Amino acid sequence: MLEITPAHYTILSAALFSIGVIGVLVRRNIIIVFMAIELMLNAVNINLVAYAQQLQNLIGQVFVVFVIAVAAAEAAVGLGILLAFYRNKETVNIDEMNVMRW
Amino acid sequence: MATQSAPIFDTDELVINMGPQHPSTHGVLRLVLKLDGERVVDCDTVMGYVHRGIEKLSENRDWTQIILLTDRMDYVAAATNNLGYCETVEKLLEVEVPRRARYIRTILAELQRIGSHCLWLGTHAMDIGAMTVLLYAFRERELVLDLFEEYCGARLTYNSMRIGGLPLDIPSGWDRKVREFCDVMEGKLPEYEELLTNNRIWLERTRGVGVISARDAIGLGLCGPPLRGSGVYRDVRKDEPYAAYDEFDFEIPLGTRGDTYDRYLIRLEEFRQSIRIIRQALDGLPEGPIMGKVPRLLKPKAGETYHAIESPKGELGYFIVSDGRATNPYRFRVRPPSFCNLQGLKPLIVGHLVADVVCLIGTIDIVLGEVDR
Amino acid sequence: MAEAIAFYTLSILILGLGVAVITTPRTVHSVVFLVLNFLCVAVLYVVLRAEFLAVIQILVYAGGIVVLYLFVVMLVNLKRQPEEHQDPRRLAKIGLGLSGAMLVELAAIVVYSYSREPSSVTAPSPAFPVQGNVEQLGWLLYTDYLIPFEVASVLLLVAMVGAIILARREL
Amino acid sequence: MTDDPKLAGSAPEGPAKPDAAADTPATPQPAAKSDAAAKPEAAAKKPAPKPKAPPEPPKGPEDPLPPDDLEPPAFLSALQQAYPDAVEQLSYWVGDWTVIVRSEALLDIATHLRDDDEASFDYCSDLTASDWPPREKRFDVIYCLYSTRRRHRVRIKVRAGEDDPVPSVTGLWPATNWLEREVWDMFGVKFFGHPDLRRILMPDGWQGHPQRKDYPLEGPGELLLESPMEWLRLRNLQDEAEIE
Amino acid sequence: MLDTFIIPLLKIVVLLNAILISVTFMVLMERKVIAWAQSRLGPMRVGPYGVLQAIVDPIKLILKEDITPVKADKMLFSLAPILSLVPALVAFAVVPFGGDELFYVADINVGLLFFLSVTSIGVYGIILAGWASNSKYPLLASLRASAQLISYEIAVTMTLVSLILTAGTLSMVGIVEAQLTDGVWYGFVQPVAFVLVLIGGLAETNRVPFDLPEAETELTGGFHTEYSGMRFSLFFLAEYANIIVISAVTAILFFGGWLRPFPNVEALAFLDLIPGWIWLFSKIFLFLYLFMWIRATLPRYRYDQLMRIGWKLLIPIALANIVVTGIVKVLV
């Protein structure tokens, strides 16, 4: 128990990932949904870093860098879409985001 | 998307109250600003927080008591208020004011202009963030106040003139001190210029901000430096000379672009011209009485008149109706330059940023005591 | 020992803050919890000897992306709470169940894989001509992973252009 | 805010300020005055031994005619010729020229004065009013014009009653926007065609128009609210007593 | 145990106290410097030449009533000052006050990046303070602040990349040692970067001429309009701690830290008699004085001008600087 193995990190990561999934599936505020996605990405990152440590190999960390870059791109575009949507519909409720064009 | 091409992102219009408690509304002016982001899209000016009914009060006071009330309007330029009022009543009474009194009045009015412009410069620069100028300008204003204190004993509300002349002759040695002050002031002006005139930030903040064309300025009834900043040659001292201004040689600085920077330059130049006038007046100060022949009981013949002078803020006019029977004016009306200039604020600020609002309030140089009366 | 203390503390914090992110009714609070969550994750990276990633996590995630979120939350001045509107076709309970099922599945996988003999495989990276976490990471990024790295930068550029076009007032 | 000036003096439930001044004796000055006003008998008795009649309030401004040997400036003569009916009178006093015009023709005359090359009064330096209660058209609305090109001044004067509004000249001189608001606020003279005729110095809900002669200096009292003319007569009596 | 826990802990305690005390005296210094610039005397009443003002001011602030607006978001309203102060203090962890291990808390191999990332957290304090106050002026200020701080953070980070290229290390101690081996302060090698970092530092600490988030004459105090008492003083503390840390880092990166002038000129070896930390402190004071001097002299920029300077001036110059530095590095 006192020795922390990659298994511990995997469990932490899985739990965080599930929290993210719950957030995505349950919450209706799209900003929160975005944040839940960020949580999921972080969960993946934890896993990658943990295994990079375990395998004494930096490739996992390299992937984390890419994940962070993708997350930044996702946040920028996602929030841009959100703003564009908001100024037309004045809502951030994903249930009302059911049209492809407006 | 094409069907709703109206301004889309107007959901964030923010209405903020600037004032009456705000550090840079120069008193208790209240602006209700409608903002789109930081840009002002609409503005409503609310005033009257220091409305003391000076006009109404004056209609129930006798002619001499009113001088004291005029001090309280533009309290940073009390002497010019006194001057305008006394001249108007003198015009109604058709009293001749002795030449010495007119000279001293001119000196007082120009000293007052320097004092008022010092206050304007300090607060205007402070609004834009240059706080050292404030302290420098107040340092010089203090000298003006000292001179007034020596002349009439008061530092803010002077009550320094009487109908028909002056209550006091100048104290001995006062003219020398005024000359010294002129030298000091002339030496200090380059300090202000050094801090502001060629300062890049100052230029960026003031140039092209609050531009108003000559035509609009005339139409809006702007007066004083805001009008001259747009290049309109209009100065009551030249157009309708009063006191002793027709005997002096001075120039009226004019702007070309009508922006905040031009108005700043004009007021700086007015410092110099005021110093020039004061020096001429001191050089040619005639001997003689300081009070004209005024009846003991002031009762002007029935009639009405409007008389304007150039206060530091602009055209300060008094419209007085006498019914020929009472010892008080039947109707006493002040044409406050700050009030009329403040009317030009809305066209100036709409479309500018919040930061420019304070800059523009500063540039039109209002005193709320005068706006509200 | 120290690692264990750090791990358990951080795990509790990370999971607690994660739950807080998705349960708080006020969006701004969610963002704050998210920041704190990311800071804890950064500390976890330090524990895992990934200092560069820890710093990048704070700099990019906490200092950049989440500020963007906060900015948007402040910009989107909600007139009504989004949670008020309930779409009848929405099946939140099933969503909750689905995610619960997923948690179970993940747990099962983990338990299953570790019930067997723990494989202590190490696949050390090839020898680096440089020392230190940052240097080695940089070496990898600019040698083996140069093309993905450039692709990522192009992706960021595209995202930036897209975000600007989307957020502009008039299209 | 009452739009009808007549209502101003007699609104049954005004905002707190005017009524409070009369009801609560907390503020000594207004209370004392309103007491005196509330007891007209007592006030009337006081000067009774002296049979001197109270002075009538002045009926109107003198508006002296120009002296015979003085030629009016060219633009005024031209104006008189152009609008012989509209110009009621020319007046001259201590160097100032005043044109008294009918309010119906104000806009025409103002336009003429602004656009005529001789006159070109492009700058409205002041707009104000004066109140002469006994007169039927009790208000004089006064426009002080100035020409930045020709550098001369003239005043236009229009007579207005409480109920007949004056045309707004904001279209000609935007400067008069606030000035007309102030005249409305202070006197209750209405301007039709004004874009935004609200109170400007007094609070929005204020009752009455303070610069009127029948508005007491210390604020409105009960008697004033009931019968302004009676109140004015009594005040004049009081003033006489004080002078004696 | 002693080396891993007790000594660093002691160092932290000493450092924190030193920062807090120096902040209070820095306020006094600022008041005095500005007063002299404005031909005044400054505080003169408490103690000789007003020296004790530095002690009286914090006492006053602590004893003042701490007001929370009714409509404020209570949690964030309390959290914001803390979020603002903590990063400012944490940033000191990587600031070496001397070459010896005694003089720094930690010398991590990503020291400079750590400094940048920690200061980037400070923006939350300001944004949240503005948001939580539930008041319009603070909200405007916090929108301004978030845009301003992020923009200038980008500029500063990019500028520092060229310095990192020159030094070849991210460790703060390493950068100073690199300056010793190169025999020159990097302020002379990277003058452009130095100026950019100075400007960016002014903007990141919300100092004149970039004090828009506070802009007393426009936004009535900006994001801390609604704060009073202790929580206000935390913001105050954070601002001044930030100024000190920016000054210290600038001195370390560009002015050779604890090195004497001309570190490799043997003829000046007698300057080594003065301990290194005195050199560093005098450099920090120089920058502090510069900050105050600027405050006394310059007006404030406008929001759009500020953003224009950040995006259209500083960032392109920083990028060009990186390119030039890279080329020079390859060629030399």
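By letter and in written order, the chains are A, B, C, D and E; residue numbering begins at 1 in each of them.
By definition in this document, contacts are C-beta pairs under 8 Å (C-beta built on N, C-alpha and C of every residue); 3 or more make two chains touch, one makes a residue touch a chain.
Bear in mind the structure is a predicted one, so any value in this text is a computation, not a measurement.
Novice: Chains in contact with subunit D and with subunit E: which ones?
Specialist: Expected: B.
Novice: Return the chain pair with more inter-chain C-beta contacts, choosing between B-D and A-C.
Specialist: A-C
Novice: Quick one: subunit A and subunit E, Cα centre-to-centre, how many Å?
Specialist: Taking the average C-alpha coordinate of subunit A and of subunit E, the gap between them is 33 Å.
Novice: Give, as an integer number of Å, the spacing between the C-alpha centres of subunit D and subunit C.
Specialist: That pair's centroid distance is 74 Å.
Novice: I'd like to verify one number: the distance from the centre of subunit B to the centre of subunit C, where each centre is the average of its C-alpha atoms, in whole angstrom.
Specialist: Averaging C-alpha atoms per chain gives centres 62 Å apart.
Novice: Could you grab the centroid distance between subunit B and subunit E? Build each centroid from C-alpha atoms only and quote it in angstrom.
Specialist: The mean C-alpha positions of subunit B and subunit E differ by 43 Å.
Novice: Which subunit A residues touch at least two other chains?
Specialist: Counting only residues that touch two or more other chains, subunit A contributes 86, 90.
Novice: Indicate the residues of subunit E shared as contacts by at least two other chains.
Specialist: 139 - these are the residues of subunit E that touch more than one other chain.
Novice: Enumerate the residues of subunit B that touch no fewer than two other chains.
Specialist: Correct list: 1, 8-9, 11.
Novice: Which residues of subunit E touch subunit C in the complex?
Specialist: So the residues of subunit E in touch with subunit C come to 73, 75-76, 79, 108-110, 113-114, 116-118, 120-121, 123-124, 127-128, 131-132, 139, 142-143, 146-147, 150, 153, 157, 170.
Novice: Using the touch definition from the top, list the residues of subunit B that touch subunit E in their complex.
Specialist: Checking each residue of subunit B against subunit E gives 14, 16-17, 22-24, 35, 38, 125-132, 135-136, 139, 195-196, 199, 201-202, 204-205, 353-358.
Novice: Going by the contact rule at the top, pick out the subunit C residues touching subunit A in the complex.
Specialist: Listed in rising order, the residues are 1, 3-4, 7, 11, 14-15, 18-19, 21-22, 27, 30-31, 34, 37-38, 41, 44-45, 48-50, 52-53, 56-57, 60-61, 64-66, 68-69, 72-73, 75-76, 78-80, 82-83, 85-87, 90, 92, 95-96, 98-100, 102-103, 106-107, 110, 114, 118, 121-125, 133, 136-137, 140-141, 145, 148-149, 152-153, 155-156, 158-160, 162-167.
Novice: Quick one: which bits of subunit A touch subunit C in the complex? Just the residue numbers, please.
Specialist: Its residues touching subunit C are 1-5, 7-12, 14-23, 25-32, 34-36, 38-39, 42, 45-46, 49-50, 52-59, 61-62, 64-66, 68-77, 79-84, 86, 90-93, 95-96.
Novice: In their shared complex, at which residues does subunit D touch subunit B?
Specialist: Touching subunit B: residues 55, 58, 61-62, 64, 93-96, 98, 122-126, 128, 130-131, 142, 144, 148, 151, 153, 155, 173-179, 182, 186, 200-203, 210-211, 215, 217 of subunit D.
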